[in-house]
Structures are given as C-alpha cells and as structure tokens.
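First subunit A sits with subunit B, and in the next complex the same chain sits with subunit C.
== the complex of A and B ==
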C-alpha cells in the first residue's frame, strides 16, 4: 500500500473497532435511553425527545450535585497532591529501606474499597472505634466526635479517606516524573549554594509540571467518578452533604426508578468531563509548544 | 443399515431419552441473608432437601439488600434471574410491575390449609386480585435494654414516650448514651421512625383514595419525639445501620436501642448474662394505649416461567414450611426470624435450639410484640405501587435527616417529606 495515511488507518482500525464497541456502544445506549421514559431496567419506555434534558437542566439537585462533585475533585486534588508531593520527595532520597518503602506505599491503593470502608468506619466509630477515645483522652474534645454527623464533617472525612487511598498512585506518578529530572541540575544548584526550597521551587516543581498536567486530567476524571467509597460510607448523606453526581445518578436510576433520567445525567456528566479533558489537553499541548 | 445397528441405535436413543427424563430440575434461590452462619444454615437445609428429592437440585446465591433492587430487574431482563427470590412487602410491587410475578394464591391457600398463616403476613402480599409471594418469616422491631441498668437507675421499663425520654436521660451518664436511635438515610431509620409513628397515631401514610397523608400532626409529633431521642444518641448515629446500633448496645455505649433482635450479637459478643437482657414493646405516646411496631413479613417470590421449575420451587418451599424443617430455617439467626405459621410457632425444631432455649422469655416477648406489627404502605388492606419508590428512596429517613442534620423544624420537614413522596409517586 503506497498511501501511508491509509496504511496507518488500516493498522489502527482493529483497535478502533474494539474501542468503539466497548466505549461507543454504552455511550450510544445511554443517549438512546436519555431520549425515552424508561423507569426500571427491563421495562419499556416511550420516546420523549429532549424532555429529560429540559427537566434536569432546570433541576437544582443536578447542579447541587455537580457543584458537590467539583468541590470533591478540587479538595481531593489539593490534598492528594500535597500528600503525594511530600511522599515523593521523601521516597526520591536515598536512605536504607527506600526500596521497601516505595513498594509498601502502594498498600492503601491496592486494598479493596470495601475493606477500606470497614476499617475507617470502625476507626471513626463512637462505639469501640480507636480515634474517638484518643481524641477524648488527649483532651481535644470532651465528647466523641461524629465524623459523619454533619454534611461538612462527612465531606471532609470522606475527602481524607479517599485521599489516603489514592495518594500513593499520585506519589508513584510524581516519583516517575522526578526520575526524569537530570541529577546534574541539582548538583549545579548545590554548588551555587541553592537552598532545598530553592531547588524544589526552581527545579523540581517546574520540571514536574508536565507530569502534574497529565495528573490533573487523569486525577480529575478518576475523582469525579468515585462512587463506591462515598456510597458505602455515607450513601450521599447526611442530608445530601456528600451527594456527588455519580451518587445522584445511582440514586435516580436504582432508588428512584428513573433510569432514563439517570442516563440523561450520565450524558450531561460525560459532556462536562469531555469538555474539561479536551480543554486541559489542548492547554497542555500549547504550553509544551511554547516551552 | 443392519438390524443389529438399528437395535443399537434404538437402545441408545432409549437410554438418552431416559437420561434426559431423569435429569434433575435445577432451581436457583436468591436470598439476602448474607452473614456466613445464615448462608451455612440455608445450605444445610438445601443439602437435606436435595438428598431427599433427587429429582430437584436447589442452589442458593446470597445477595445484598443494598444491590438487589437494582440487580434483579437487570438479571431478569437478561434472562439470568433466579427462580426463587426472598422479598419484603415493598419489593414485590417493583417486580410485579415488570411482569415478572405470577400470582401464587392457589399455592398459598394450599399451604394455609396445612400450616395456618398469620393473616397479616399474607395480607402484605395480597393485592390486585392475587397473592404475589409466600410468607416465610416475620421480623418486628422491639426495645432492647439491660434490666440491671434500669434497676440501678431506679427506673421501670418505659411504656410511654415520656417515660422513655426520662429513662434515656437517666441512663446518659459516665460517657454512655441513654439511647441509640439512627438518623441515617437508610432502611433501618425508616423502620425505627415508623415504629414511633405507629405508636403516635400516624400509622397510615396513604388516604383511602391513594393520596398521601404523611403530612399530619401525628407524624410531626412522632418526628419531634424521635429528634429528642436522637439528641441523646451517639453523634455518629447519622451514619448507622443495624450493625452499629447493636455494637453500641453490646459494648454498653448505648443504654437502649430499637432493633429486631440483638440476641445473637449479645450472646456471642459478650453483651452480658442472658437473664439481664430485657426486651419490651416500643413505648406509646399515650399511657395505656396498645403498643404497635413495624413488622416485616419476609416472603419468597416465584419468578420462573418454566412449569417444571415452578413446581420444583413449590416443592422446596412446602418442604421448608414443614415444622421439622421450619424451626431450623428460622433459627439461622435465633431470635430474629419469627414464625408465620401456627404450626411453625409450636415447632420443636424452633424451640429446641440451644440459643432459643437460653433466651426463651425474650423470644416469647418478641413473638407477642410482633402480633401488632404494621408496615408503612401496607396497613389499610390496599397496596399502592408508589410505596416501592417511597421505601427504596428512604424518604421517611430523609425527612428525619432534614430535622436532625439540616435543622429544619419537624412541621416543615414533614411537609417537604410529603412533597418528595408525591414526586416519587409520579
């Protein structure tokens, strides 16, 4: 075949076909479902056009859940990046046992979600948990604290638990990024008398930006779609304080028996995430071109 | 073809057809009794049934209540659903609506002749001209306490709301909570709140014509009192399910809790002496009023459209309800599952279990309490399908969270709750 572009398409075609089948078909099914009025799985539904979109775009609960998801993504991004940066800086040093530490740090990431939930529910419990007695005995509070008792506390506690679970993944990504920074840059900085902070802010941070850029896209998509830990810990409560968009979608589909409305929300969420991903990737490309 | 080869072929085909005829009918049971000891007891019974009925093979597949509402319709749509499925009353209308259920009225009538069902347990599944499930066991909410705690505090067992609040306050000392009532948006909270509603004159949530009457002064009163109790409960009660409440009681962090049964946990987790465990009916608002409670008649639905599988399922259920098997089945969790048949209530297999013998007086009280059992949406003799959505979305519990967490006053929260129920019913 003489046309290289055509040849490329031929080679890529099998992979694209598989991708279309496993990614495209569910999306198309969701779009079709969103144009109908199906209540529960297996039941028939009439075609209603864009009615679901009109109804849901005017529904404050969708926007509240979207806002909650954005806050969830932002809070997780900040905490996970901070924890991961500290861990990566420590693990990038050479000290006895660093290899073991680099392996063991992924432990929280590989523990199944259900186990994570059981462990933390027990730790935070007021009846037999370990954290509350420590708080009371150390005098930090006269009474045990209900870590899931108010929307704000539940949200903060969930962010902490989710970040605890996911920061090793970010740490590994940052560590990989750090290994690409030439060692002689640090050597030269040391000879010039640069402090540790200067070395971090002038070398590590700027050269980690591409890694952080990729992480911002991957991390946002992963965080936005977190459902299991929230559902198992709080089921979106108390009083909707942790009801992110995936939780609202699940509730609508399987608690409220409004499958088509849930599909509509999923399509809206997909559009939002795709827009975000495209804009971020384009911005990263431009930045790379400038550099 | 020679005569010999023809004969061999004929013989082989006879063998094949007789083998096919003898192949046992395989039926699958989905239930939501997930704890390992319950699964093991169900398996024991299934093994005994399979051994005595070589023409049938029953298999169990435990499921979770959290997922089953979503999983079953999807499994049925994919043609991979179970042949038998355990149910609570508000689950059956969902499947009936999808056309998955056929009436089992004749089969229930046949079983009733033999075993005499408690009428309310059949009533929960009787509507639209059919009976949609076969009752299997009953569960009712009770008030659990330690007799020694009340004695030490000089209190009698609370029978009214006023006495209950006073007891909860008196037991709130030394870091312990006088009472533990949940405020999670979850089924357990629906159950405990409704247990107060039925004792405060707010039993019905539907009018005769099917419109909602949740928003009424009696409901508001029940929510106001529940909120008072919740203030005397641990701060993490907003995320409690049944297990946390039991843990709170058994660890002596909570003086009293509302629960179907705590016997198993109390006995195995070092809760105390059997004689110290107290159980009473849920207190009433007015002194001298008859105590009511929430009660769930758990049942089994038949989902197969294949006659042979339906007959095999019926055979298994009829066998299970025989007194010599039924007691063993109920005692998969001693003290939690109560009989739904007259002969089951007298079954030696039920009363001879060591745990039941140890907690006999408590279990007798639980059975007595269950006689005044009610279930929201199934109280008036008519069943409105919207109860499935109201129950699945835990709208009673959500109303409580509006008060306890969001700080809305009870009147406003109940009005909002009714609005949500109306929306869910559409």
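== the complex of A and C ==
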C-alpha cells in the first residue's frame, strides 16, 4: 500500500459506507416513501405522485406544528444564549475553582434526557416536589402552580428545561470564541478607562459575532430536532401546545400508522431546515466580506 | 488583572446563580433518592435528608429489569464507542492530512449529514431494518449510534490533527514509513486527547439515545436505560423514590467517566469550535 491516494480512500471508505447505509439510503427512501401510499411498515404502497404533498400542504395541523417549531427554536435560542452568555462571562474570569467549573458546567448536557425529564417532573410536581412547596411557603402563590397545565405554561416550562439541558454546550462555544479575542484589546480599553460594560459591549460582543452566527445555524438545527424531551414530558400536549414538527411526524408514523404522510412531512421539514441553513450561511459569509 | 469590587460582587452573584441552576437539581434528586417515601412527598422539602434508606435502590434492582437495562446500555455504548473510534480516526487522518480527489466534497457531505433531522431517518430506517431482520437487536442500535456520532467525531478530530507539526510527519515519510505506520506510531499517540474526547462524545451520545432505541427495540430484555426507564415511569403509580433512584443510577456511569476524562472532553469540544 504505497499509493497514498488509494490508501486515503481505504481510510475514508469504512466511515463513508456506514454513513451512506444508515443516513444516506434512508434519506432517499424517505423521498420514495413520500411519493407512495404506505400506512404501516412492510405493507406495499401504490405510487401516488405528489398527492401526499398536496394533501399535507393544505393541512392546518402541519402549519400549526411548523409555527410551533419556529417558536420553539426562537424561544430556545434567546434563553440559551442569555444563560450561556452569563456562564461564559463568569467562566472566562479567573477565580479559585474555575477549572473545575469549566469542566462540570457541561453536567446537564451529558445526562440522559429521561433523567432530565424525571428531575424536572419531580421538581415541578404539584404534589410534593421542590419548587411548588417553596413557592407556597414563601407566599408567592397560595396554591401550587401547574407548570404543565395550560398549553402556554407547558410550552414555556419545556423551553426552560430544554435550555437548561443545552446552554452548557453554547457556553463552551462562546468560551472558545472568547479565547480568540486578543487580551491586549481589554488591556488597552482598561488604560483608556473603559467601564466593564463598555468593554463587553464594544469588544466582547462585536468580536463574538462570528461565533454567534455559527451558533445560530447549529443551534437552530439542534433545537429543531429535539424530540425526546417533549415526547417524554408532555407528548405534545396539552391541547397540542407543545406539538412541534418532530412530535407530529412521530405521532403520524407510529401512532397514526400513516408512514407515507410522516415521510412527506419529514421531507418538507428537511427542505425548510436546509433552506434556512443555506440562507444563513450565505448571509454570514457576505457579512464577513463586508467587514 | 484586577477586578473592581462591584464587578467581583456581580461575578459572585452570577456564579451562585449558575451553581444553583446546574448543581441544585442534581443534589435534590440525589439526596432525595435516600429519603423515606413520606419525606420525599413532604410539604416542607428538606435540603439534607432527615431519614436514610436504600429501599428505593433495592426496589429498583429487584422489582424492575433495571440491571438488565444497564448491561444492555453498557454493551451498546462501549461497542458504539469502539467502532466510532475505529472508523473516525483513519477517516479524519485521511481528510485532514492526506490528499485525494473529492476530499472537500466528501467532507462537506459529512458535515451535512450532521444537520439532518434524525426523525427523517427514523421511519425509513425502521422499514430497512425490518427487511434485514435486525429489528429488536442490539447491533441495530450500535449501527445507528455509530452513524450519528461519526460526523461530529471526524469534525472534532480536525483541530487535534492540525496541531501536529507537519515536520514530524515529513521526517517519517523521508525515513520511508508508510502512512499506516505514521498513523499508528506517530499520529495516534500525539492526538490521544482528541481520541479521548471523541470516545467520551460517542459514549455519552449512545448512553443517552432515546428515540431510535424506543422504536428499534421491542422486547423488554433488550431495552437500554433511557427506554427501559421511561417504561418504568408509566408502569408504576408515580413512585418518586423509585424514579429518583433510577435517575441516580443512570447518571452515575457518566459522572464516573467524566471525573476521569471530562477535562479532555471539554477542551476537545472548545478547541474544535475555534478552528
């Protein structure tokens, strides 16, 4: 094996074939499935062309779930960025124990989602739990608060729980971006008498923009895909208040036994996501050129 | 660099806020898993347990198949980690250190794979695995976990490979060492922290995976912790003690792993992001 090109292919081939087999081929099958009428796994389906698309694009439940997904992604982006910015600013400082804190901040991200679900179901529980007794005792509310009782409350609570799980990931990305900012800039600003807020708003924030740009793409894709937390916590309820696109797709396929319709929805979702990702990446590139 | 007093106070407040946000929920769950049932549902929550019992842990291990779930999860996670390493390290080496036609295009495709909504794959994959007759087997899960860990793993190794000076490699090439030997003898030892990061990432993503395990595994004896555990949630009339003990046991392996190699993982994640 002296031929380097051949060897490179030998190195790449195993990984590529796994990806093609387990990600690539199912993706093609999803498109094929969306052009057929298949109800449950294994049953044959007739070719019906674009009928599924026509039917679903006229279906309000798809648009409602799409709207829910957009709200979900946006709310998570805001909360996660806010929490992560606080965490990154703290962890970029020097204080005793900062090295341990930088490692263990990731704790909420590395535990199974089912554990996250248990933790917060219990803490937010209306009978017992931890948060409600504290709220009642401190007199903030006379009765326990039903954190999952109304669609709006359930949505807000889930956004908090999901952001709690994901903000450490964003924190590490921001920290990485901060280490790229030259220290002399802060030194110079200090000598000029700039306040801490000025140093943040004039140096840290603008120079973090490329990192935030990348995060807006990656974070959108990651948030959009969140399914297990929502499913285990509320199963899309109450009254569809947390039924995002992945939840709707899962329900359609495995509860409603309408595989082809679910495949069609997932193709539509993929097209939406890719369009968003490509447009964002292009506008980021253009911004960089301008600067 | 010295900070003003006001800034120090602000920093302390933010630090305590983060500590409460991240650590307190875990402390409450962990400490409460040792409380007697009546203390768990008491209207006045206790910060430190007033009672001590291991009955929830004992109940979990005897009344449910939790131990089986843990064994299954360990098998799947360890096998996924090893296979991911076996595939990702040579591939990353070829992508970032060797020249071959189509290199850029292939790398872009790999990154794209990371962006796809996994729910898209789920439906056709179920059909495909059903045809192959590997539904309800652990290898099916291992395959899926490897495929999902690969793109991120290859991307993560990039910065580690980039940090190895070209001269070291060139000297070996002049000495007549073939790339296989260079990879094994020079690269792998030098990027050991990167390999550790990838291993932790692959282990954690497999240990926590829920969606595919819930669809591809049917029999109770083959369930992994996330799926088996979510079954317990519905099965019993909410027995918080049992659930809290289960949560404690599901977190334990990850915490142990992280205590040893967590530092490498976090630096691997951040260094990858910079490049």
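One rule holds for everything that comes next: the second predicted complex is superposed on the first by the 268 of 291 C-alpha atoms of A that agree within 3 Å, B and C clash if a C-alpha of one lies under 4 Å from a C-alpha of the other, contacts with A are read in each partner's own complex, and residues count from 1 in each chain.
What we mean here is this: contacts are C-beta pairs under 8 Å (C-beta built on N, C-alpha and C of every residue); 3 or more make two chains touch, one makes a residue touch a chain.
Predicted model only: the values in this text are computed from it and were never measured.
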item	value
Fit-or-clash call for subunit B and subunit C when the two complexes are aligned on subunit A	clash
Touched partner set for A:197, first subunit B, second subunit C, both or neither	neither
Contacts of A:123 with subunit B and subunit C, given as first, second, both or neither	second
First, second, both or neither for A:90, with subunit B first and subunit C second	second
Which of subunit B and subunit C A:254 touches, first, second, both or neither	both
Touched partner set for A:147, first subunit B, second subunit C, both or neither	first
Partner contacting more residues of subunit A (subunit B vs subunit C)	C
Partner chain in contact with A:246 - subunit B first, subunit C second, else both or neither	second
Shared subunit A contacts, counted only where both subunit B and subunit C touch the same residue	41-42, 125, 127-128, 253-254
Residues of subunit A defined as touching subunit B within the complex	40-43, 121, 124-128, 143-151, 154, 233-239, 241, 251, 253-257
Residues of subunit B touching subunit A in the complex	69-70, 73-74, 76-77, 94, 97-98, 183-186, 234-239, 244, 247-248, 251, 253-254, 388-389, 392-394, 401-402, 404-406, 424
Residue ranges of subunit A in contact with subunit C within the complex	1-2, 4-5, 7-12, 14-16, 18-19, 21-27, 29-30, 33, 41-42, 83, 86-87, 89-90, 93-95, 99, 101-108, 110-115, 117-120, 122-123, 125, 127-130, 133-134, 136-137, 164, 168, 172-173, 175-177, 179-180, 186, 196, 211, 221, 224-225, 227-228, 232, 246, 249-250, 253-254, 259, 262-263, 266-267, 269-270, 273-274, 277
Touching residues (chain side subunit C, partner subunit A) in the complex	1, 3-4, 7, 11, 14-15, 17-18, 21-23, 25-26, 28-29, 32, 40-45, 86-88, 90-91, 93-95, 98-101, 103, 106, 110, 113-128, 130-131, 143-144, 146-147, 150-151, 154, 178-180, 204, 207-208, 210-211, 215, 225-226, 229-230, 233, 240, 243-244, 246-247, 250-251, 254, 258, 262-263, 265-266, 269-271, 273-274
